[in-house]
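So, here come the structures, one by one.
Next come two complexes built around chain A: one with chain B, the other with chain C.
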Partner chain A sequence: MQLLRAILQRLLTTAITLIGVAVIVFVVVRVVPGNPIAMMLPPGATDEDIARLTAQYGLDKTIPEQFLIWARGVLHGDFGTSITARQPVLDLVLGRLPATLELSLMALVIAVILGGIAALTGTRKRDTLTEAGIDITNGMALSIPDFLWGLLLILAFGVLVPIFHISGRVTPSLELPFTTDFYLVESLVRLRFDLWLDIVSHMFLPALALAIPLAAIIGQLLKQSLKETMHLDYVTLARTKGYGENHVILREALPNAILPTLTLVGVQFTFLIGGTVIIERLFSYEGLGNMAIDAVINRDLPLIQGIVILFAVIFTAVNLVVDLLYAVLNPRLRHG
Partner chain B sequence: MNLNRRSLLQSSAALAALSVTGLPAHAAIDELVIAYNVNLPSWDPTVGPSAVNPTIQGLYLSVFDQFILQQPDLKPAPGLLTEWGWNEDRTKVTMTVRDGVTWHDGSPFTAEDVAWSLTRAADPATGNPINFVWSTLANIKAEGNTVTADVKQFDPTIFKWMYFLTGYVLPKAYFEKVGPEGFEAAPIGTGPYMVEKYERNAFVRLKANANYWGGKPDFDTVTIKFVTDAAARVAEVESGNSHVTLEMPYEEYDRLKGTLNGIAAPISDIGMIFLNDIEVMTDPNVRKAAVWAIDKQTIIDRLLSGYGVRIDTLQTPEYEAYDPSITVPYDEAAAIAALAASGYGPDNPVKFKIQTTKGFKPKDYEMVQAIVGLWRKIGIEAEIEVYEIAKHYELRAADQLAPAAFYNWGNSVADPTTSTGFAMFGPSPHSVWDGEDLINMIGPLWGEADEAKRIEGWKAVDRYIAENALVIPLLQYVQPILSATGVTVTPHASGALLPHLMKRA
Partner chain C sequence: MADARALVHRRAGLRLWLSAGWIALVAAAALLAPWIAPHDPLAQDLFLGRLPPFWMEGTEPGYWLGTDSLGRDVLSRILHGARIALIVAVIAGTLTCLIGATLGLLAGFLRGWVDLVISRLIDIWMAFPPVLFSILLIAVLGPGLTSIIIAIVVIDWTRFARVVRAEAMAQGAMDYVASARVAGRTRIGTMLREILPNVLPTIVVLLTLEMGIAVIVEAILSFVNLSISTDDPTWGGMIAEGRTSVHQAWWVLVFPLVTLFLTVLAFSQLGEGLKDRYDPVLQ
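The block that comes next holds the complex of A and B.
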């Protein structure tokens, strides 16, 4: 009952958050300098031409009027039409969302693996040179931003030792039998490992660039949690029972130490999705982030609004899921 | 070499990765891959913001033909229209349509397509941003292989627009059958390449049009990847993932032009500084000093590695109204004297703001920094404001630019109306100089029917602008193109990178 009430409360606050985001983004994109009409004005356009174009895109109305028209459309599933692509915004963003989600999830998996290995190794080899090496590596991984990692990876594995693709999501000449835009998942489901490998070879470098800073954070936090847990009485008791160090770390300490990391991973995942904007651009990856940059450059107001709203939905949904997962995993919360 | 289990596994994994990922080897080129610098948001070349984006035109020109062909040197040539012209009193136009051309779906191209495309372009409801140009023609009719139209308002440049923005011929029957959405999904044209596959924000894969009236292109298959980041484009050609790319930092171009083919040719794009007739810019001495104090050639040599052509008017040497006798020398002493005449100098500097983009064009911000440094020496204290290009457009349309504002101006039809005309004619939304004298000089030229007189008129305008320092032309840009050794690229002075102009070396 308590859990159900908590969920309902979160859903309510989520709805309020989304409305707030919608209002803010709608107003901000119209208030900041640079409007799409000025960008497409041809040489010699008269005042009448400007007025006609402005009316054609509905920008001749007041901002509250424009918002009401847009909000009414959104309630009916119509997020408007992109000014540059002249396609429904919802189709465009939903068409690109799978690419970004797959990239983000791959980055998350890589980050968890790298961060987990670093944390477990650091704990196992605590107070040795190995731990110091892991700390230094973590510090470097954290201090270099993801786009710079991207450039370094392009140089290393795209140019010097060209074993991965450095642009796009899939080789253009391949025939894709997919019915969804979740290429990575669908290639596995269809057992098309040739396509899967091609997709992975395109996604690996951008995913790794996104993952490295997150892996460092996970590694640091998990190692710290593990080290603190290792001093607790029940862990000492496990040792006195004769369990080996690996068993103590993995079976006794890790289940408790992982909770703060789990919360962090949830929060960081949302930042990771935000990070795809630059990384997708750098790797010419056809996701939402790449589309977002074009939308901003071209002042494609309906598309910017659609992308920001979708990002907001993802952020709040991920946070909601993490909170629920935390409640389920944490016995103190689970049992009230 | 010691072979142990670890090294064997490492070698095997690397070999496996290399073999399965299908990365390109440096061999004979079967499929041409181009790393392009912009995305293609929409396939209709006559509607919306993409239609007036000069950088995208190269993509459109691969699939669609314009009414009139534009050659790499910007000069017109017979294309889908083989002949065109006015009648004696300039009240009618007549155009002859090429025979034997087919659309990509195999259906015949006819004069009806031309008449429909012109009529559609003039209809404001379609969203053509340049409809006001096309609407100077009316009562457009096709008969046999001839298209005629009445001239509602004489525009001496109307045929030039037929190889400029939105001047494309689209398939009437196909478009009416599939509608705008269907056309976006499966566009067809009469151009050298047919669209095989298109992934938004990723790539377009093209197949050669074997029936192209201009001859089948050299490469059967061309993939154009949209790689908007310059560093990534360089990596694309350096790694062999792409065979051709363009628009990279000149330092990178210089580094790679030894191992790859490099072409750096001037294009119809200039760097300039708008002067707005507000605040201190109403003082001719300040304007003249600002112009004379800029050492353009040194800026080109130092900041652009010499890749640029110094200009003193808004015309480049390829433009029809280019007049090499109009020069504005770099003269620091004259600049100091001009400022002194208005009571300014290093101890009492004249102050104004200069706006610029940063990274929109090569070294834009750095050039403005250098100019501000040169100005400071003579007694001009300019404050730099960096803005986005979108803000520039908005401020310019509202005539609210700062007293000085850096911009780049493209004019791929090489006509003076689309350079000096629109940039300097007060009532134009692209001009911020509102002087009546200039408006009176330019006004009669819009409808001048005598071509020689018209061009001479624009040269006189340019001379007046230069003498009165109403704008600061800086340089004509040079476009760097890198290609694999197996490809020969013919650059197009419009800046469009056209795959059908690429040949096997």
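The block that comes next holds the complex of A and C.
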């Protein structure tokens, strides 16, 4: 009962958050100087043409009126029409979402692997120079944001030792037989490993840049929890039973130490998704973030709104899932 | 074992001094740029385009770190770029800190509807992708130093508000606060005289970290070409130019990038070092 009430309360605050985001972005976008309609018409356009098109996009009404019209559309799945591309915003945004999702998830996987290795190695070799080395590396990785890692990776593996692609999502000259926009997944499903390799080689550096700070956080927190768990009685018991150090860490300590890391990863994952905006720009990767920056530069108001709302929905959804997971996994909260 | 621990401890002190030293160096460069820069950072000379740094072949004396494609001196531009980086770090960092910490303190100590409103605002802010939000704000405010500072304050106040709110809440539940109230202090008095001093170490650490973040945000906005007018040399602007010609003249990208890297690292290591030394809360 209590869990149910907590969930309902949580859903309500989520709804308030999303409405708040919608209102703010709507107002901010509308005080942007520069007339998007004038920008999309050829230089010879008359004032009449501009007025007609302004009315067509509903930009001649007051901001609250515009908001209500827009909100009613959104509830029916209509996010308006992009001013530059002249296509429905929803189609454009959903077309780019898979690219960003694949990039974010790949980054998450890399972060979990790197962070996991760092934490396990640090625990296995605790109180040695190896642990000190891991701590220093973690500290560095954490201090430098993804944008700088991206630039350093471009320099290292795109220019000095050019083994990865540093621009785009796939080599443009390749024929793509895909029917969805999930290139990475679909190339695997279709067993086109040549394409898959090309796509991975484009995604790897941007994903790594996004992953490094998160890997450091996972490494630090998981190592800390593991080291605390290693002092508990049941771990000592397992050790006296004669189990080796590796077994004790992986089988006994890890399952109990992983919960705090799990919840933190959820929150940090939203930061990672936010980071895709600039990383996609840096690597000319055709995802949502890159489209968003173009939309701002082109003053494409409906498109900006659509993308920001979509990001907000993703963020709140990730947070919601993490909170629910935590409530389900943590027995104290379930009965509290 | 003891060796490793001693090493870590010594490293912490060294880290504090190294980062403070680098920041002092950047500050000196920013203050003295007009006098110590060997060239005018804006002077173009197409005959001197893409000169390599001093240890390579085909250099021109006086251009230590080479020139960019328009023949502008890279070293002079980095020195002048330090001014904008530092102005943004100090002003945007301090303003963000003042606003964020005040709201956090109010929410955490007064609770009630104040907390409700501020917490909802934090939730809403956390649902925006920050880079996109800052680009949008610059599009609204127009390019320029003031716009960048405003954008950073508007976006990052939640960093302070969240931590300070939680901390003020924890402190507010402690006995000494109750005794202060019994002894006749007003609520505002308790907040400023009792809670604030206890939260201050946390705030100082966050401020140091925020300065590093502000430098990065300025670089990102310059990179997207939305920062200052293209006349003023900024590290981010130099990096953006360097990125396009990295195959022809790597030094145009590398030197500002290394400077930015070290500066951001220094701010964050300074913050971490202060945290380890003085702040029992954030550790």
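Operating definition for what follows: the second predicted complex is superposed on the first by the 294 of 336 C-alpha atoms of A that agree within 3 Å, B and C clash if a C-alpha of one lies under 4 Å from a C-alpha of the other, contacts with A are read in each partner's own complex, and residues count from 1 in each chain.
One rule holds for everything that comes next: a residue touches a chain if its C-beta (ideal position, glycine included) is under 8 Å from a C-beta of that chain, and two chains touch if they have at least 3 such contacts.
Quantities reported herein were computed from a predicted structural model and do not represent experimental measurements.
Applying the stated contact rule after C-alpha superposition, one finds that A:132 touches chain C and leaves chain B untouched. By the touch criterion stated above, A:191 is placed in contact with neither chain B nor chain C.
Within the superposed three-chain model, A:28 lies in touch with chain C and out of touch with chain B [touch as defined at top].
Contacts of A:140 after superposition on the shared chain: chain C is touched, whereas chain B is not.
When both complexes are overlaid on chain A, the residue A:164 reaches chain B alone and has no touch with chain C.
Look at A:291: by the touch rule set out above, it reaches chain B but stays clear of chain C.
Within the superposed three-chain model, A:52 lies in touch with chain B and out of touch with chain C [touch as defined at top].
Contacts of A:283 after superposition on the shared chain: chain B is touched, whereas chain C is not.
Once chain A of one complex is fitted onto chain A of the other, the partner contacts of A:96 are limited to chain B, with no touch recorded for chain C. Shared interface residues of chain A, touching chain B in one complex and chain C in the other, are 33, 151, 154-155, 158-159, 281-282, 293, 297, 299.
Across the interface of their complex, chain B is touched by residues 33-36, 38-46, 49-50, 52-53, 56, 82-87, 92, 95-96, 151, 154-155, 158-159, 162-169, 171-173, 194, 197-198, 201, 281-287, 290-291, 293-294, 297-299 of chain A. Partner chain C is touched in their complex by these residues of chain A: 13, 16-18, 20-21, 24-25, 28-29, 31-33, 127-129, 131-132, 135-136, 139-140, 142-145, 147-148, 151-152, 154-155, 158-159, 270, 273-275, 277-278, 281-282, 289, 292-293, 296-297, 299, 304, 307-308, 311-312, 315-316.
For chain B in complex with chain A, the touching residues are 14, 17-18, 20-23, 31, 35, 39, 41-42, 44, 47-52, 124, 127, 129-133, 165, 180, 184, 197, 199-203, 205, 221, 223, 225-229, 231-232, 235-236, 238-241, 387-391, 393-398, 417-418, 421-422, 427-430. Those residues of chain C whose C-beta lies close enough to touch chain A in the complex are 1, 4-5, 7-8, 11, 120-121, 123-124, 126-133, 135-137, 139-140, 142, 212-213, 216, 219-220, 223-224, 239, 243, 246-247, 250, 253-254, 257, 260-261, 264-265, 268-269, 272.
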